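Below is one structure; the comments refer to it alone.
So that you can tell them apart, the chains are marked A, B, C and D in the order they are listed, and the count of residues begins at 1 in each.
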Amino acid sequence: MDEKIKVGIIGAGGYGGCGAVELLHSHPHVEISALIDKQDVGKPISDIYPHLTGFCDLPVMAPDDPECPDDLQVVFFSTPDGVGQKEAPLWLKRGSKVIDYSGDFRFNTEEIYREYASRIGRVEAHASPELLPLSVYGLTELHRDEISSSNLVGNPGCFAVSCILGLCPALSSGLIEPEGIICDAKTGVSGAGKSPNPAFHYPARYEAMNAYKISGHQHVFEIERELSLVAKRDIRITFTPHVVPLCRGILSTIYAHLREGVNLKTVEDAYRSFYEHDIFVRVFGPDRPQASIDVRGSNFCNISLNVDDRTGRLIVISLVDNLVKGQAGSAVQNMNVMLGVEETAGLLHPGIYP
Amino acid sequence: MDEKIKVGIIGAGGYGGCGAVELLHSHPHVEISALIDKQDVGKPISDIYPHLTGFCDLPVMAPDDPECPDDLQVVFFSTPDGVGQKEAPLWLKRGSKVIDYSGDFRFNTEEIYREYASRIGRVEAHASPELLPLSVYGLTELHRDEISSSNLVGNPGCFAVSCILGLCPALSSGLIEPEGIICDAKTGVSGAGKSPNPAFHYPARYEAMNAYKISGHQHVFEIERELSLVAKRDIRITFTPHVVPLCRGILSTIYAHLREGVNLKTVEDAYRSFYEHDIFVRVFGPDRPQASIDVRGSNFCNISLNVDDRTGRLIVISLVDNLVKGQAGSAVQNMNVMLGVEETAGLLHPGIYP
Amino acid sequence: MDEKIKVGIIGAGGYGGCGAVELLHSHPHVEISALIDKQDVGKPISDIYPHLTGFCDLPVMAPDDPECPDDLQVVFFSTPDGVGQKEAPLWLKRGSKVIDYSGDFRFNTEEIYREYASRIGRVEAHASPELLPLSVYGLTELHRDEISSSNLVGNPGCFAVSCILGLCPALSSGLIEPEGIICDAKTGVSGAGKSPNPAFHYPARYEAMNAYKISGHQHVFEIERELSLVAKRDIRITFTPHVVPLCRGILSTIYAHLREGVNLKTVEDAYRSFYEHDIFVRVFGPDRPQASIDVRGSNFCNISLNVDDRTGRLIVISLVDNLVKGQAGSAVQNMNVMLGVEETAGLLHPGIYP
Amino acid sequence: MDEKIKVGIIGAGGYGGCGAVELLHSHPHVEISALIDKQDVGKPISDIYPHLTGFCDLPVMAPDDPECPDDLQVVFFSTPDGVGQKEAPLWLKRGSKVIDYSGDFRFNTEEIYREYASRIGRVEAHASPELLPLSVYGLTELHRDEISSSNLVGNPGCFAVSCILGLCPALSSGLIEPEGIICDAKTGVSGAGKSPNPAFHYPARYEAMNAYKISGHQHVFEIERELSLVAKRDIRITFTPHVVPLCRGILSTIYAHLREGVNLKTVEDAYRSFYEHDIFVRVFGPDRPQASIDVRGSNFCNISLNVDDRTGRLIVISLVDNLVKGQAGSAVQNMNVMLGVEETAGLLHPGIYP
């Protein structure tokens, strides 16, 4: 590929935009052509994120800046719910491929979108309902083919990535009972984004953990939808998110009843086979316990499998970095698939330790 | 009470010993008469823990120091498994009341002790099996009467305190199905004690969370024993401990199936009624979410109750400070009950924030 | 003392108010009679700070609430600059003793106040200039007598407490050159207060340290004033504050040139003698290095003394908990002195470890 | 360059070895051919550092493994003091280029080495004194030419990198008085390496900061030697290291008296000119304050310049990641210079935020 593909990031000033710049500035096939945000207009992105100095010094443009290039081949919406659904049509008309980080394009019908939206307090109807049936859910490992032929991808929620990847093989192979599944998820604080908030003020958080939105988190819908697709029946789960005092990482502890006769070996085989061609999913047995730091800064999802013989339960630990595989990394992975370049382009970093 | 009761702490140099000193130095009815440990012999405790300077400056004595007072009325064993079972008989003979922090006296039969011990890699038989039937499990809220007439208390495990207090009212009132209970517990790092360890080295831990001993943690036995007692039938649970990067605090997220017809109101009423006379247990509804920092440094257990209507599950969040209600605080509470003084003596501190 | 003295806290909802409640709820001579704030009016303080549940459940009153008792014997202004100077006159007229946490009453002339105020961006003239000559600077160790006969105390800045206590004995005894003094101070994040702020958002701070207000911090004035008083000549210092990712604690590293012939022994003697009657100041030699955690949660200032023979420098490490000795603890200590009760009342807590 | 240069890492299991693997696995001109350590022999490096899974899975070899390749073109000694001085001769004889992380080759005479060694408690004489005059101090920015023609480089200490880079331009241009320089340095905990230690145990450290080795840290020698070289006269400094609770980063606050007539503009010009050709040093004025997180995970040294007009002092804030520019990054930068490839190869990463 000789010429680089032009990419624009809307909402560039947030963590999701920063993450995309970190991955794209050295991407072999694309170049960052526009950074768009409502805040810090005119400032170089490296003034907002000084570590980018010398790597990307593009200034932030206002969304309505007439100088903004209109020939972007890919547009990331790293924006809150409600933005992409309004602005995506324009970019799609211009021929751009669109990847939206929010829940705007994760659902294919207005009905399920409405249910989702109610959870986050949105009452307005979807602004572009005609696009919903065209959008594809951007969990690459499950929808690679549809993504490759789509122009509009709804990037998955960070919790959803870890829970869905952690459960799909078991459901797909019928190893577990479809009822009574529990996802107990723990996230680092960066999942809450860049805006200061009393709950994430350093003194309030450095020594505090808590559950929140108990039985009411909006990610439950996309998890149940994907699990139902794979299980070929309706799946309903109990999902409890927690915040713990670290920055990056989601650890989901997933509990399910094993079907009779299923043992650890069967489970390990099923998972390894399911993810045979998925470089970003690594499967481990109980002898190789994993920690969130093992995926920090990388696009990997580490899954460790355990069986509790006393109670007949499968216990899956599924780990991702919420800002990479849980957000910008998945977005870049989807972009690669949409563009037909190698899926791993720009993503083969192990992260740093410690 | 005119004269103060003499207390000795064996294993004074660890976190459990330090916690006891913090609570006892200003206790209205007792005085610390001996600090005993194998390490740092001869050093004032305030050299080991400089914050105690001026509050308690007693030197650490060796366990076999002939100067050690033999008329201690209360002896805390803040020692690892295996110490109390060897040394308690001597102190009991001298007329001391003994409170042991380890698993040495949490079980009443050799058989269940052996099962417990196998989980922590102990192969030796119990050194004082004749004491097992005499010991009382030191979860004050459940065994106050027996504790008050006992000379030998096995202080509960930190995870066990949070899980048992979080589940007992529901089981006792028959509000939940006795099968399929899950306890997903998260602990701060101080639960691992004072000895340095690769897994708790600051750089390895500040940004890392992980599950461990999945389906194999030794606290599961005391939890199941207590729950079975209350439920009047055999209870088996799934228990998964996690370590997260904070210092103090256990948050247990407990899942159980509600029996038909049981709603949030019934649950709240049952819990409030169950703990009506227990000042150190606070019950909250879903409108008052709690965080671990709300019990940090105090002897309280905060319980918040939630019902997931979509799946018919009770979700209980049970919070304690693992070093206070989960260890030294419970020990002091038990001591108060054993001595017949007010149960709250020395324990009415709210902790500090932030 | 039979009847308890009535105390009110204005600005009760911030960290400084919370700290005062933590110290006063169990104070032997006073009772908290009113908690006043502009935010969270009507809420029990224990809704804002759940750890206080059962210890202090008073509701927050609005500043202009007609129900507010007007017979408070002591009023704490735990408020930002500009509030106390407006409202103190009313309370003084009512006969209350007033302790203000801000810079409003730390200076005795309008001129120096103006210079101070310019550093924090205040342009208005002082609202009660007639009170300035009557106010006393509330560093108890240095101004005990004046405080005991005053009705208006300006509580010192947190950095100032550590730097002044760390330097006074050396200057008072003429052990160091009065020129070229450097105070390199490091503070935990709670010093910035309770309001969320991008710089103190957990993800932005957990792994970040920085200097700020280099050569421009407002505390330099009170430090220089106090040092000049003690040295009986004009003292000018270089003061650089830093924020590091912990919650509580100030560590000031103080550098000064030793006068010829002065050695470590002379220095240690001078410091111990200077603070002979000051229970809350502990002096240590180089053999007893101290860390911020050794004063966390307590009203102590730990000072460790070191001499660099290669360069002839005195290096003093001065440690306080910014929220206790650096704020609420000093305020309570001042109150005790103003009321003529024992100076340590309510303050003899060692803090908790770890 | 067609064939890749073979590199071996001795001491691969520590943080310094891990850091080298992180930088070299994707280096365009070299390949990692041998990982050598005394611990974890036989284990893939990705078992020790799971984030490297798939990026580098070489097994660790024992130092005396006969299978160890003897044709390594570059050997990193990521080992404690005392190892490189014994084993480097063998590798140099084989024609390898050697880069040693410890103090073994930072000094050119036995005399100064002995003084250094005494600070770290070593009493043995240097094992290869004949190599000392041949070794080059590996601060690339100052010794690029000598490094390019050397086979033996003593990589600089982490504190030294930040202090030397922060001071050299001022001394070289005669902008500051050569006397009375103070370096107040703060480091994250990873600087202490991978071995657990009571002082770096998470509970003991998460809320603790302290100074250590006051006026006695061994890095002072290399700092003074380099500064003296640049200043062309003897320089003696006061150096105080501190540990604060974060993982990566050194912030050195450097104080020096400005010579008369020197102002901020002169200083900024001198620094920018001094580092004109040094891509890894970034110079900022007081309007662009920097934090340690801005260099985390990268090979950059960020320097911010400030002048305190009240006291005539230059205050330089110099920031590095102690594990990159302070260790493995400098080593790779030196390797690139020694090999004659582009100095930035493998090093152009911005790090990740937050």
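Heads up, the rule we're going with is that a residue touches a chain if its C-beta (ideal position, glycine included) is under 8 Å from a C-beta of that chain, and two chains touch if they have at least 3 such contacts.
Everything numeric here is computed off the predicted structure, so don't read it as measured data.
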Which of B-C and C-D has more C-beta contact pairs: C-D
Relative to chain C, chain with the most remote C-alpha centre: A
Where chain C and chain D are represented by their mean Cα positions, the distance between them in whole Å: 39
CA centroid of chain B to CA centroid of chain C, Å: 37
Overlap residues in chain B, where contacts from two or more other chains coincide: 15, 188, 190, 203-204, 206-207, 245-248, 290, 293, 296, 354
Contact set on chain D toward chain C in their complex: 180, 182, 184, 186, 188, 203-204, 206-212, 214-215, 236-238, 240, 242, 244-249, 251, 253, 255, 286, 289-293, 296, 306-311, 313, 315, 317, 354
For the chain C and chain A complex, residues of the former touching the latter: 15, 188-190, 194-198, 200-207, 245-247
Chain D - residues contacting chain A, complex: 15, 18-19, 22, 25-26, 49-55, 190, 206-207, 247-248, 279, 282, 288, 290-291, 293-298, 302, 348, 350-354
